[in-house]
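For clarity, chains are labelled A, B, C, D and E in written order, and residue numbers in each chain start from 1.
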Amino acid sequence: METIDMRKAYDPAFVAQVQAESGQNLSLCYQCGNCTAGCPYTFVYDIPVSQMMRLVQTGRREKALSARSLWLCASCESCTTRCPNEIDVARVMDVMRHMARREGYVSEPAVKTFWDCFLDSMRRHGRVFELGLVAAFVARTGRFWTDMDLGPRMLPKGKLSFLPHGIQGKDEVRKIFERFAARSGS
Amino acid sequence: MSQALTYAYYPGCSGLGTSREYDQSTRAVCDALGIGLADIPDWSCCGSSPAHTVDHVLSAALAARNLAKVEAMGRDTAVTPCPSCLTNLRTASHRMADNAFRERTNALLDTPCRNTVTAKSVLQILAEDVGLDALARKVVKPLAGLRVAAYYGCIMNRPPEVMRFDDHENPMAMDGILAALGADVRPFPLKVECCGASYGVARRDIVARLSGRLLAAAEDVGAEMVATACPLCQMNLDLRQGQINSAGGTSHHMPVLYFTQLMGLALGVPEERLGLDKVCVSPRGALRAAAERAAAETAKGSKA
Amino acid sequence: MPILAGKELRIVGFLCNWCSYGGADTAGVGRFSQPTDLRIIRVPCSGRIDPLFIVKTLLYGADGVLVSGCHPRDCHYGQGNFYARRRLEALKRFLPIIGVEPGRFEYTWVSASEGQRWQQVVQGFTEQVHALGPSPASAVFGACREIPDEKGGPRVAV
Amino acid sequence: MSPFETLKEKIREALPGLDCVIGWRQGFDPLHATPFFMRAPEDVEKLVWSPLCVHNLSTYLPSFRGKKVGIVLKGCDSRGVIELLQEKLVERENLVLFGLPCSGVADLTKLGRAAGDLDRVSAVAWDEAGFTLATPRGEVRVARRDALADKCLSCQFPNALEADHLPGDPLPPATGPDLGDEELAALEAMAPADLMARWAAEMSRCIRCYACRNACPMCVCRDHCIAQSRDPHWLSQEDSPREKLMFQLIHTMHLAGRCVECGECQRACPVDIPILALRRKMNRVVRELFDYQAGLDSQAVPPLFTFQVEEANIKERKW
Amino acid sequence: MKIGVFVCHCGSNIEATVDTASVAGTARAFPDVAYATDVMYSCSEPGQDGIIQAVREKGLDGVVVASCSPRMHETTFRRAVERAGLNRYMLEMANIREHVSWIGKDREANTNKAAELVRLAVEKLRRNRALFPKSFDITRRVLVIGGGVAGIQAALDCADGGLDVVLVEKTSSIGGKMAKLDKTFPTVDCSSCILGPKMVDVAQHERIALHAYAEVEEIGGYVGNFEVKIRKKATFVDWSLCTGCGLCMEKCPSRKSHDAFNEGVGLTTAINIPFPQAIPKKALIDARFCRQFLKGKCGVCAKVCPSGAIRYEMEDEVITEKVGAIVTATGFDLFDHTKYGEYGGGRYPDVITSLQYERLLSASGPTGGHVKRPSDGREPRTVVFVQCVGSRDTSVDRPYCSGFCCMYTAKQAILTKDHIPESQSYVFYMDIRAPGKLYDEFTRRAMEEYGARYVRGRVAMIYPKGDRLLVRGADTLMGEQVEIEADLVVLAVGAEAAAGSPALAEKLRISYDKYGFFMESHPKLRPVETNTAGVYLAGACQGPKDIPSSVGQGSAAASKVLGLFSRQKLESDPQISQVNQRRCVGCGKCALTCPFGAVKMIDVRGEPKAEVIETVCQGCGICAVTCPQGAVQLEHFTDNQILAEVNALCQS
């Protein structure tokens, strides 16, 4: 295991950015571990959430933003609700996920692809077209086996529409995405 | 309860698809209870989880487009059955209380949002507006004998500063409703634990583990049915029950219904308006067992 | 105060000895940094503060006056802050009629333990007074001249 | 017998047991009535009662403390008496109160404005509709609402609130415009710096005669007014608008919750500074905060000399 | 007048951000200032000597010390000027430390501000005059409020020192929290064996009058002469007749009454003596459960009582006691763990508080000292202790450390092993706080000798799984989520201010912090005094404290009372109101508003005039504001003094 030079490893800009974008003061965290204790996703995380907070405290941009945990957080709010220091932990995770996305850290590609497909569907139709979403996901990931087992169970129930529910205001929704893209300069 | 009670209604995208029965039963139950639901004209997706994983302003804007529509309707309360939509609508409102954030949000919109709308869940209005005593009086087919666990999902009540409804660790609104319907509501300990959310498609292992734990806990407290208030929870627990069983080597056979479907049954709403046929694990067996149990109870009672 | 012209405004505080003066001490002990504008006059109780002291202070050159006492029910003398609350509230509502902006006078309650709160009060009030700028009183009435005091003879200026 | 004649009869009857009865008599010219201390029954014949009886005679009462006196009261004057009773500066058992219903008194400044020069008015008459002034230019007619004191136009207490004798039928409250409110609204609409400058300009006319104070029935300090003391030393002798305004504010604060708004301060001002507005503002504040008006109840405690643990109308501000 | 100004460096505390020499230089130009200098430590002996020397050599008649807060050292410097031959009130202080040097780093602005504060002090001092205290008689009795170990110690020490003591206890027995404990750390002494004899001493001490089941209703008066109204709550038993035989408890048919002494772990009878060692050992009826009160008929206890002591018609009685000093020892309450919904919010019977566990461990407890689960009476094998429940948790408004939970948890882990050798304890902790003699060694023993497994992390949730409890927490040292299936979970609940503390503080006119703990006069140097003369603090009412600290404070408070009463008479503070009767018009507004009735109206040659009763006036100055002609002036805070301060600030 490497020895860390605490001074060199500390990226003050990273700490400041996370705190500014999340509106949370990470120095309030005293590492009690309550977030990790309650997090239903700890079992799939590479770095438990309390240590994600620690990485912010110690200014470890690279390690934090490349964590798979960021992409596996479901924002279930267990950590935020139970934090004894009232830190909105889920928001901090969300903000780091924004940063990771912007800076090209994608350690769980399938998850990101699913979300991208979801947003695409929304952008295109104004509402989410579930069957189209899964189809797009399969197409992009090549994971043709995705939920194939569920098809036979669902189709007879008449739950899945084969056509999207377009709305009149779908241009408005598209413009939201466009303005957002223009604002963030991407 | 006033007959004139009418809310702006936001069905949410899944209401048109995978949770069609939730939408149907919500409308049927509200109808039966004299609560008017006025659909928000030309509503769009709230942004759901994917939007807030990208950016909080984008997420708020997608939600705020709908809030602005409610404002245009001249209403101040919007109700939605889906906790995920609810979270997005309420989080958008919560953050837009900050003027700078609201301005950034409105910059993405054609029609600016004034942030005058309060979003509430269907569960909240049914629990708060109707009243449990009044509800109990309207029951025509009590759910007597039905051993049910009320499962709220992780974001119906959390974080409490945003959701402002019921207890965030031990919510009781649905328990209260089901009890008023006559059901035998079990003390379910994992009411607010996450089911795996939308990871079913990309990481089904997550859902198998988390939802599997919920089903096991429901069985542990003797429930024969789970009542939910969330489309994603219902889908994970019901539609993916097979995946759960094969991943965990279990053999759960637990019907998972929306609480509104159970309300409809008890209030005597015709079954075809409740979409009972749309759930994967059939509730028939559990309902029959409950009815038999209730009959036996009554017989015992009359003998004694 | 020419050396600090433009940086500081003249803010006068009237603080009761038991709670708020102690709270200001607690803030000092905690090293809670504050703007330097405020000058504190210590009185035993907020009930000792004649609203006319405040009128006088505002008319004779202060840009802001801050009064602080014990929280209601916590007065060291039992009732002083209850009387003060009535007097000060009446004064606060009256002052605009002579052209004193409402934001130039505030009264609040800070206990001896509330160092952090005192910091926030001072910070907030100072910002509020700076947002209003210098009081019109000096421009309208001119700078105060030497006032011969009751002991007779003019005082020596600083 | 007219109510006034009845009252005179009552005064004649009471006088033997009293040190004096305070009323009004004709003054040095047709427009002025003047305070009058009746000691003998024959003095009563000189007593006058007219819209020119402007003075609030209750101002004189504290100087008769301990002696038995009578006093003739308009409604507004009676509030001064009640306030003095409340503060135990006069004793009820030593007073005989002769009340008269009053339909308003003239504001000589207003009449002067209409007549051009008050000194050259040779006669004055009045009726329901107004005043007629005989001037060298001929008769000048002034409508009631242009002639009466502001306070009379909206007077809520035309009848003495406390009286031993109150002949005649009580009058209803006046329903005219509240000019005081309008004046306050106009002042409050001004920018703060302009308003302060306006006061400075007004006060620059002040000659520090203290007529405002001497006319005030609630100014009970008399020889010990802090305006003129060295201990305590609130004011210097400097002739500046600041010092003069400070005195007005001292007067206003000392009157908070005690002022009966008789307007004597402003009426007495020889240079017509609108100082009543300050007292009126404070009265508004006291009324909105404590739902209290001075001079209505001799048993009440003025609001600044008491408190509620939970104040209904004072909300703690967030700091 | 000749004034000397002494500007203190306070080492670097002031000098670092204030140019004290420049302040002294500026001060030399102030009116009447004859001498000004800066000093290193004005409060030190050489510092004080320097002041005294300057007064004598320069012929000063007044001194301004610019240093720390007057709340810190005003008394010190008053004594110094007195030693120099001046009246002690010819001193003013400028607070240039707490209000200047410690709150800003801008040396220029600070120096300027310091100089202005000195000017303020000089202008006030120019109007000071010599004041002389009056002496008055004192009542040599002390009231002790609260009969826990701190109050017991204070009462015994005062009584042994020859004072008459009135001890008021809210519950029906003294003993407090300590009486409920099984053992004490770090010695594992039996709690009732060491407390019991002290309780008996209280009962037997001829100088102690004990009012149990009583509360302080009202407190009037001042140091030396307080008048206290005490409400003796109705016990429905005539204690002068009750012998504590316990026959009533044996026969009482209402056996499901809340057992407060046992923290609700067991049940008791409606008429009960809370525990065998209770002092006084007297029965009382809990009317909430008594059939006589609920149903109007029963009367069993009245029938069986051999001394005929039962009085169903008894009512509260309010008595008045005169005392000269008060020791407040009202202790603490436990945090209400039901606020933690994630730990079951009180819904799971086998999730209990640490004090409930003490009762399970105690041989005199409801289980006779056998550790049994409340749900099924089974002996637990796996016991999980969760620390910091209601401590160091901002989200429940308890950000402070309760101080003693780490220690009692270690003790309970040790006792668990003693009671059930085959058991295994787990302790979830955040940090171990054990800074006391033999304390850290004790927690080490819990781990090393008794095998308690300590896990560094908080617990996020507890929920039932079968008939056990699943405890899910984190091991932050491993960075892992961990689960333990436990038979019993003990929550180490923190301390909070006793219910009703703020109300009592208001009666006592002392300050309390935002959590309800009483404020000491100085956190380091005056830990048992309050800012109200004659009122002292002992024990956990001032902040969470363990037994040795509470006992120490009980003795400390007693020594303060004994010191106070060692004087024949007390001196009144001369900073009180005075009436200039020449200016008084006798309107009586001052008398109307005085909270103490210290102003009376007298007749002076036929005219009413106000007069201040000097030993009753407390110097608040409310009256001074009511007097329009300024006839009432508060000495040392006269209109002219305050106006001089205002002028000093407004002309610069």
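Everything that follows uses one rule, which is that contacts are C-beta pairs under 8 Å (C-beta built on N, C-alpha and C of every residue); 3 or more make two chains touch, one makes a residue touch a chain.
Since this is a predicted model, take the numbers as computed values, not measurements.
Participant: Could you name all chains that are in contact with chain A and with chain C at the same time?
Facilitator: E
Participant: Can you give me the shortest step count from chain C to chain E, moving only between touching chains?
Facilitator: Graph distance in the chain contact network comes out at 1.
Participant: Comparing centres built from CA atoms, which chain ends up most distant from chain E?
Facilitator: Following the centroid criterion, the farthest chain would be D.
Participant: Could you quickly compare A-E and D-E and let me know which has more C-beta contacts?
Facilitator: Pair with more contacting C-beta pairs, A-E versus D-E: A-E.
Participant: From the centre of chain A, which other chain's Cα mean sits the farthest off?
Facilitator: So the chain farthest away from chain A turns out to be D.
Participant: Using Cα averages as centroids, what's the distance between chain D and chain E in whole Å?
Facilitator: Chain centres of chain D and chain E, defined by C-alpha means, are spaced 55 Å apart.
Participant: Just curious, how far off is chain E from chain B if you go by their C-alpha centres, in Å?
Facilitator: 50
Participant: With chain centres defined as C-alpha means, what is the inter-centre distance between chain A and chain B in Å?
Facilitator: 23
Participant: In angstrom, rounded to a whole number, how far apart do the mean CA points of chain A and chain D lie?
Facilitator: 76
Participant: Where does chain E touch two or more other chains at once, residue-wise?
Facilitator: In chain E, the residues touching two or more other chains are 342, 593, 639-640, 643.
Participant: Of all residues in chain C, which are in touch with two or more distinct other chains?
Facilitator: Residues 50-51, 56, 60, 73, 79, 83, 87, 144, 147, 149-150 of chain C each touch two or more of the other chains.
Participant: Where in chain D do residues touch at least two different other chains?
Facilitator: 231, 233-234, 304
Participant: Strictly by the criterion at the top, what is the full list of touching chain pairs?
Facilitator: Listed by label, chains in contact pair as A-B, A-E, B-E, C-D, C-E, D-E.
Participant: Along chain E, where are the residues that touch chain A in the complex?
Facilitator: Touch residues, chain E against chain A: 342, 388, 392-396, 430, 456-461, 472-476, 479-482.
Participant: What residues of chain A sit close enough to touch chain E in their complex?
Facilitator: 28, 30-39, 42-43, 47-48, 50-51, 78, 82-86
Participant: In their shared complex, at which residues does chain D touch chain E?
Facilitator: 62, 66, 87-89, 220-222, 224-226, 229, 231-234, 254, 301, 304-306
Participant: Within the complex, which stretch of chain B touches chain E?
Facilitator: Touching chain E from chain B are residues 167-170, 187, 189-190, 217, 220.
Participant: Residues of chain E touching chain B in their complex?
Facilitator: 340-342, 345, 347, 463-466
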